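Next, two complexes with chain A in common: one pairs it with chain B, the other with chain C.
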Partner chain A sequence: MRSRVLTIVLLAPAVLASLVFVYLFIAWTFYASLTSWNSVRPLNGILPDFPLVGFANYQTLFATARFWPNDVFNTAVFTVTFIVVSVAIGLLLSILLDQRIRGEGFFRNVFLLPMALSFVVTGTIWAWIFNPNTGINQLLDPLGINALREWLLSLSPLTPLWDLLDFLRIDILRPGLTTDSRSALGAVVVAATWQMSGFVMAMLLAGLRGIPEELREAARVDGASERQIYVHVVLPQLRPVLVSVVVILGYISLKIFDLVFVMTRGGPGTATDFPSIFLFVSAFQSQLWGLAATIAIVMLVVSAIVVIPYMWSQLRSEGRA
Partner chain B sequence: MNFRNVPARMGALAAVAAIAFSACTGGGASPSASAGASGATGTLPSPASSGNLEIFSYWTAGGEAQALAAVEKVFNEQYPNIKITNAVVAGGAGSNANAVLAQRMQANNPPDTFQIHGGAELLDNWVNTNYMQPLTQLYQQQGWMDKFPKQLIDLVSHNGAPYAVPLDVHRNGVLWYNKAIFTQNNLQPPTTWDQFFQVADQLKAKGITPLALGDKDQWESLQLFEDILLSTLGPADYRSIWTGGFSWTDPKVTQALQTMSKVIGYVNNDHATLTWDQADGLVMQGKAAMNIMGDWAKGYFEANGWKPNQDFGWAPAPGTTGDFIVVTDTFGMPKNIKDPGQTIAWLQTLGSVKAQEAFNPIKGSVCARLDCSPSVFDAYSQSSMQDFAKDQLVPSEANGPASIPAFLTPITTAIAQFVNDPNVQSTQSTIAAACKSSGACSQ
Partner chain C sequence: MLRWSRVLIYALLLLFTVFYLLPVYVVVADSFKTLREVNTTSIWQPPHGIDFGAWASALTPPLVGSGGIGPGLVNSVIMTVPAVVVSSVWGSLNGYLLSKWRFRGADLVFAFLLFGMFIPYQAILIPLVQFLEKLHLYGTLAGLSLTHILYGIPITTLIFRNYYSSIPTELVEAATVDGAGIIGVYARVILPLSIPGFVVVGIWQFTSIWNEFLFGVTLTSDPSVQPVTVALQNLAGSFAALYNVQMAGAIMTAIPTLLAFIFLGRYFIRGLLAGSLKG
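Let's look at the complex of A and B:
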């Protein structure tokens, strides 16, 4: 009994703080999104002195071309390519490191290191790297990188592929990545992938190490090749880790702001604009607080769609265990 | 002025939390903008000689902070017993500060006086919403009505009453050029867009980028467009287009957009990755010949060792001779402040020749008053002072703004997209629609 009281007393501050500073403010933001608080006016009590306008801000938002379809398109393309490429690279790295190679600790740290950087640093570095007129591009040009790139782009059987990548804004063979709306999103994906692949590798490597050696042994005894062992034995065992990785990467990409803001500010035009940048601009340049709150709520709902089923299944599996 | 500083801007995110937080803590305060206010009748307190004074500004960087310190020194010579507290909010050319200011004003906790751009930023945010005291009495007592240009007073006035004291004047839309390139190629700075295209073709043939542009932050494109718009519409229509007095669907706007799309053909190909100062860097390195920017570019050139009239020259943006796009920093007096007497003393000092002469040479701007001594200024500022005294004064959307803030984002986005994909028709109709839906055109 005493320990129960103690538990409540010890938990109370944390529960209270998150109730007030997380959930109350979410509720407040939702309320703000229903008002016409799109200019400056005195507060009335703790809430803005603006009439409720129902879902008018939501209608405005989805009638704004910058948000719908542009930002939604960018978010979808970015999320999918970022997750697929990061997982692919992370998986490859982790499988390579899992071969008990020499200097594993060194390589593991090298691959993991980018994650220790802030997205702001990553964004700045990659923005410099991608600038067509400075640094690395001028070094690479004499090596024939540009010729190779142009040759690939000129291959006519591949034209439909380049057109598709152009459309998705991820055609990273285009010159001047961040200056061309056909490739700018790809540039952001490259930077984000560079930073997060190491994290995926670390997660998956831990997962691989958790697979009992007996399983592989048994498969080998049954005459399975190394490839078959990975496809049929190892990968299915990695599924829970993979789900966690995808969910974590998913919500990172849904709320991405700092990396893009530093790299491109959403440009050229709105080619790499994301809801978070639109929110920032609406709130702090245009003082459209109601609209900004609306964007925040939409972002919250979309993230929730990704995270809640995951948390649900986690809680259920913990309950079972 | 426009040193839009990326990491600092991030601080605005923290401000979101601050707004929400104070919305809670400041909950008990009654809404007040309409309730307060002896100010409506126009009687102002007399200057106090002691006490506290809270100044709210975003001048935190190098020259700006030094310039403010110089004014504070002038003030404290006159009022040694008033203690100034400088509530600075760093960065973002004021976007962080604006967020904090909006929160404090709306929560009925205004600073004694705050720095704000003259024009719509002052009038639409704070004057039309009844947060500010009219300063007519102060202007009359000090005889300021004919010391500042009338069109500048108009930028801080509502219904004929001035609401702020302008401290400095920056000029936007100046054509900066690399003198060596112009001399070598025997060129004259263009005064019309037609001349610009001739000069640009000659430069292009020599392999020099004619016009440097750095529009990573997007307002730089808008600024280029507003210069072209001003040259196409002339000052009167340009002034009224921001408030709905001139239609965005007019054929002259089409013409301005067409000129703009032609100009984009003469800029550096990496413009989307550069900021304004990096674009000026291209001019310094001789990679580009010209840049159109506000006169804070002068500060950038001089800080990097370039000399006015030797290394770089200047002219009004093509087609805008006789017009002066004003970006002015002003201070006003909110209602319901703690220290009205001290604030009046501060505003009185700001409007004086002594304070303006102390402030502006350091800041790189010119006096808002017309009677400062040219001798304390450099060659560029002297020429700017002459133009300021005789030119038509018009506001800047990109650095002001000239319209209500709600119109700023849609027009900035539209122009940024236009630079990327110059579709005149759809851009024009997008801007026209945004002007209506944001309320900017229905004033």
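Let's look at the complex of A and C:
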């Protein structure tokens, strides 16, 4: 009985810290988003002492072309492309490494190395690689890639495809790269994929190693080919890990800030602008705190839609185990 | 048939190795270039020799007031070390209580703590700025360190809770029979078994805090207290066209976490996997 009390006392600091710095701070941000606190005047009390204006900031935000549709569009395109490409590469790498490879440790470390870096470091390097004057064009032009690129872009049956990629801002065949609004978002996706696909590989490889060999053995005895075993036995077993991976990558991409900030600052124009950058500029440069709080709440709600069902199912399945 | 598929596997792996290592080559090779080479060579050409001029410029630029990551490196150490230590110890205590002294609602408390890991920090950033200003901690390394401690609790608690659930509860029970209380069991039984847990959590926290940018750029305004990631970003402003200086800055920013990855890679991966709840 005494130990019960002591347990709670010892846990209390963490619970209190969480209550204040997570839950109350979120409530505070929400309150700020309902006020007209869009000036440099510092706050006097604990809460923003500005008149409440209801959801006016939300109306303003969604009437601002930079946010709606632009930032929402960029976030959607980035999130989907980043997840699809990272999962595809991570899955391929994990299956390749699962084939009893010589030097597996070496390859694994190479693919994981970017995970040890800051997005700021990654952004600095990739900004130069995707600089149209000094970067990847210089490397590939002597190999004839420019001619190939022009030829591909001129093929009339493929025009709808290029139009679509241009529209999605991920057409990295465009030689302007980070300076062309048709390709800039694609450049950021490549850098983000370089950083995170190793993580996907590590997660999936751990998942693959967790599948009992008997399952594959049984399928082999039944006469299944190696390819069939992967499609029908292995991949279904990886589903829970894949869900984790997609949720984590989604969480990262919905709040992406540092990488874009360093690589493109949201440009050219607003071609790679994201809610996080708009928020940063609104709050710390334009002093539009109410508007910034509104962006924060929208970001939180979107993340929560992805994360809460996931957290819930993880905790429940843990309880059952 | 079988041999060909082996060749294909290795070919693909090597292709991806090139993709992953090309930026590494660029950053290392270009950091050794002189000003002259920056103007005459592309970023892909190897340097003529090993020249540390760009490293020196990145650390302490020749022009006064033009930034440099030297102070940033020092600041990052001052900010990161206490944050790693405190958040790890705190997480260890929480994880121990939540897995070994379970009470009704323990899982609810855990979920309550865990939620903080899954929010975009933008959602707490504005009140955090106000809070730190009120305490006169805005724009100080202490404020940054405190921030990293507070928002590190969920992940450190999570990893330690998972880690301790693999320690047999009988050990705890045996010690309680011998008369040890909560703190006694922690000190005598749990802590001595916690070294691998502390390594995993420590590396995870060290890497995330060292590499962090959002808090760094919003909670400080004066270059003299900015962490190295912010200093590196500023370097791109003051040395806009000098890729050798920027690359040298990038390497030096990355070295501490890279060393952790190279020498403690196994624990690094474990932390990576543990960060996704299931461990």
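Everything below uses one rule, namely that the second predicted complex is superposed on the first by the 317 of 321 C-alpha atoms of A that agree within 3 Å, B and C clash if a C-alpha of one lies under 4 Å from a C-alpha of the other, contacts with A are read in each partner's own complex, and residues count from 1 in each chain.
Heads up, the rule we're going with is that a residue touches a chain if its C-beta (ideal position, glycine included) is under 8 Å from a C-beta of that chain, and two chains touch if they have at least 3 such contacts.
No experiment lies behind these values; they were computed from the predicted model shown.
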Determine, under the contact definition given at the top, whether A:Gly198 touches first (chain B), second (chain C), both, or neither.
second
Classify the contacts of A:Val307 with the two partner chains as first (chain B alone), second (chain C alone), both, or neither.
second
Looking at A:Gln287, would you say it contacts chain B, chain C, both, or neither? Reply first, second, both or neither.
first
Let me test your reading of the model: by the given contact rule, A:Phe73 touches which partner, first (chain B), second (chain C), both or neither?
neither
Counting touched residues of chain A, say whether chain B or chain C comes out ahead.
C
With both complexes overlaid on chain A, does A:Phe261 touch chain B (first), chain C (second), both or neither?
both
Who does A:Trp28 touch here: chain B (first), chain C (second), both, or neither?
both
Identify the partner contact of A:Leu113: answer first if only chain B is touched, second if only chain C is, both if each is, neither if none is.
second
Once the structures are superposed on A, label A:Ser39 by its partner contacts, choosing first (chain B), second (chain C), both or neither.
first
Quick one: classify A:Ile295 as touching chain B (first), chain C (second), both or neither.
second
Which positions of chain A sit in both the chain B and the chain C interface?
25, 28-29, 42-43, 120, 127, 258, 261-262, 280, 283-284
Which positions of chain C touch chain A when the two form their complex?
6, 9-10, 12-13, 16-17, 19-24, 26-27, 30, 42-44, 90, 93-94, 97-98, 101, 103, 107, 109-116, 118-128, 130-131, 133, 150-151, 153-154, 157, 181-183, 207, 210-214, 217-218, 229, 232-233, 236, 243, 246-247, 249-250, 253-254, 257-258, 260-261, 265, 268-269, 272-273, 275-278
Write out the stretch or stretches of chain A touching chain C in their complex.
3-4, 6-8, 10-11, 13-15, 17-18, 21-22, 24-26, 28-29, 32, 42-43, 89, 92-93, 96-97, 99, 101, 107, 109-122, 124-129, 134-135, 138-139, 194, 198-199, 202-203, 206, 240, 244-245, 248, 251, 254-255, 257-258, 261-262, 275-276, 279-280, 283-284, 289, 292-293, 295-297, 299-300, 303-304, 307-308, 311, 314-315, 319
Flag every residue of chain A that touches chain B in the complex, lowest number first.
25, 28-29, 38-49, 60, 64-66, 120, 127, 130-133, 176, 178-179, 181, 184, 258, 261-262, 264-271, 280-288
Complex contacts: residues of chain B adjacent to chain A
6-7, 9-10, 12-13, 15-16, 20, 23-24, 26-27, 29, 31-33, 92, 95-96, 98-99, 102, 105-108, 124-126, 129, 131, 215-218, 268-273, 404-410, 412-413, 416-421, 430, 437
